[in-house]
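For reference, the structures are reproduced in the following blocks.
Paired with chain B in one complex and with chain C in the other, chain A is shared by the two complexes that follow.
Moving on, here comes the complex of A and B:
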């Protein structure tokens, strides 16, 4: 049985974003750009395939205080495991729908597809993701009754 | 299996609103297979509830657990402590499990997290289809292995109605196959079409829902 996340795992990296990267493409692009300032606010997690991502895991990361979670899979037509990126996209969609249904900011979870040689696009995607989180936080701060909970 | 779908989040959130400590309790059998109320679905719902609470600044404890089955008494032993510690239990089982949970823990507030649908089969990943109505006296042997009670929208036992068009049922011409078309095609394939000439006697509906709540007593296996 489990409940509200507490302890070491809940505190680590709170307020930072997480990038879940498929090791067959997006991770290789990440290695090329990891010194870029755009990736400084992300913690990277290397996955054997983006298709291993579960919906509950994405939501759990937000529960643990992660500002946002972005899943970066292979381009769908060149997925190492054929359907991995497609599966991940569906699960990300379910997680976003869960947030939307609960009246929360679905932009805190996103999916994109990055090839191993597309470092510049990876930087652009990460920048856009952070900017989206900032806009969401600004909207939440200006909403009536803001300040109660405080997720961006 | 018994199939179900999760209730809308708003309905669940409204039902849990009065309670400060809740347990989301999954079931590891039918509703796990149909991906509505198993451990993964419990995790997604519990996380979403906690995130929504945090957004509202609400302090509430949302626990989660999943047991093997909610239709057998012995599996509830594992959650005696959390059930006693919360104000309400949201059961992610079928209607059977929800009610039996309340019977096992008579002092617990029990709420349904799913809408139970039907006895069905997984026809493909993500698609479940009704196959049995639990009428209590199975007649599929008379109809090439296809149940007219369930597969015919009107449960007709002596042939199709006038609403059968191009193999589809008038109730939903796009989505529902005519059960009698299925029966005819299957019996033709099996070479037993002549059996359809038998006139079916009146069916005893009292062995199903029309006879009130069902009960099976097996003295040979009772302890």
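Moving on, here comes the complex of A and C:
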């Protein structure tokens, strides 16, 4: 791999959270609520389907200093590609297990399912995600060495 | 060379100055002017890709593809960015910068001219199949009709079907499944007096006057909710019974009267006015027999909110048309989903009406659980229009359609022939090339979802427009792919 930054924690966007959004539903909800303050702390990445997300990519985002990663797919029974949301959920589960086994805050990676017309729920999910990250960071501060805010 | 453009409408505030060393060029209002200014600028400068910054209107279905088409760019090489009006300028710069980086990380997308076989295979007999065949013929497609299918290979625009019986091999561009419903009669206790709803009137007509039952129950929705077709047949049967056999007291028991179709509510009112008692039940109704040869019906009355048991001389059971076992075999053969009622359709609102997860294969009428004839016929007409749309792109000129080769690409060196992609592809677009000993993706069948790329354990598959490099760049991790 060429061009790997040496100071990974200092890469652009470090300290912010990333939202990976399926363009068929969650992305449309995101566009509707993009003026909301809850959205401002996220960098949004539009994807053709949440099912394209790889476990390694989720972990790499944390490696490069992202605070947390949330994958937002279609509701499972209305996935454009029928099984994409199921498959993404499995891979997010694998990434969370990897964080858990490493003794890190598994809430830094999450998956949720948002319909294209469900902007209010999207905001609630994003707020809850940030609160989970804050709680994890507070726990890490009170237990030195756990390092939930640092590099995995 | 790539371009960076910003919509000139006032709903966004593009960042001032440069982004990643590039200045944002004005390009009119593409969502209002059809992209005239944009395409002129792209063509003048000979660009091979562009990022366009605008509001959420850029993401209207099909708009980016239309703008790209007008500018003669592959649609995956025109990347839209939606800005917010109030958001911080830093966030806007970051998202534009990441999108530019993604465009640069994307490898060129080639195009190819593809000829689609215009013939359509209609599987099944009956009104929906005839309607589909007629509508397709009217749209200029040669139609082949077969009653059953025993095999299907190939991809949209070039299927090879094996018709059953006879083993006839046919080439076609698309397939419409329009099989007939199979009547399904619920089991009744041995010796209980029950008839199928379809045979009720003949049964009563064959009896002598004093043999006629005094009480009759027409029972719908015994174990599952049935559709509009069952309700309509039951309403007609009840009216006939009341007019031809006035001595028979009729009760109609159903879960919900499904009257959401033309003239059905009026028919329902006529049934009530004809003196038929209507009873709404919930859950499963249980049938038994009593000592005098009558039938007991135990059900939960929704209005009373209590279990009631009633006795009738005769029960007429609805025999709803549903997908048959043959249809389920067909679904398995074609790799189509089956919903909880056994009907050939995925339980997914995005695929209605008549579309399946596999491009080029459509399902209409009773096969997908729509046995009410007016709806089945409408299904057939809609499927015919969808088939025409899928086969016609560029087909009218006879030269074929221009297809962007943005499908999944398999790296033969990395492919371990584990078949994960074959199992995970919802569109069945993957195949194995035996001679090259690797998996391969069929461009005409691929829907560019990227599920195979995400699943492949060897990381041998990538979508050119959404490769690891592109997604990493979009997420701000330049140079950090895979």
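The rule we apply is simple: the second predicted complex is superposed on the first by the 134 of 152 C-alpha atoms of A that agree within 3 Å, B and C clash if a C-alpha of one lies under 4 Å from a C-alpha of the other, contacts with A are read in each partner's own complex, and residues count from 1 in each chain.
FYI, contacts are C-beta pairs under 8 Å (C-beta built on N, C-alpha and C of every residue); 3 or more make two chains touch, one makes a residue touch a chain.
Source: prediction; values computed, not measured.
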> In the superposed arrangement, which partner chain does A:106 touch: chain B (first), chain C (second), both, or neither?
Replying inline: neither
>> Contact-wise, after the overlay, does A:94 reach chain B, chain C, both or neither (first, second, both, neither)?
In response: first
>> In this superposition, which partner touches a larger number of chain A residues, chain B or chain C?
In response: C
> In the superposed arrangement, does A:56 touch chain B (first), chain C (second), both or neither?
Replying inline: both
>> In the overlaid three-chain picture, which partner chain does A:47 touch, first (chain B) or second (chain C), both, or neither?
In response: second
> Which chain A residues contact chain B in one complex and chain C in the other?
Replying inline: 1-4, 54, 56, 60
> Hey, which residues of chain A end up touching chain C in the complex?
Replying inline: 1-5, 11-13, 18, 20, 23-24, 27-28, 31-32, 34-35, 39-40, 43-49, 51-54, 56-57, 60-61, 64, 77-84, 87-88, 91
>> So in the complex, the part of chain A that touches chain B is made up of which residues?
In response: 1-4, 54-56, 59-60, 62-63, 94-95, 98-99, 101-104, 148-151
> How about chain B: which of its residues touch chain A in the complex?
Replying inline: 8-10, 13, 40, 43-58, 61-65, 79, 82
>> For the complex, give me every residue of chain C touching chain A.
In response: 56, 59, 82, 84-88, 91, 94-95, 98, 337, 346-351, 357, 424, 426-427, 447-451, 453-455, 463, 465-466, 468, 471-472, 474-482
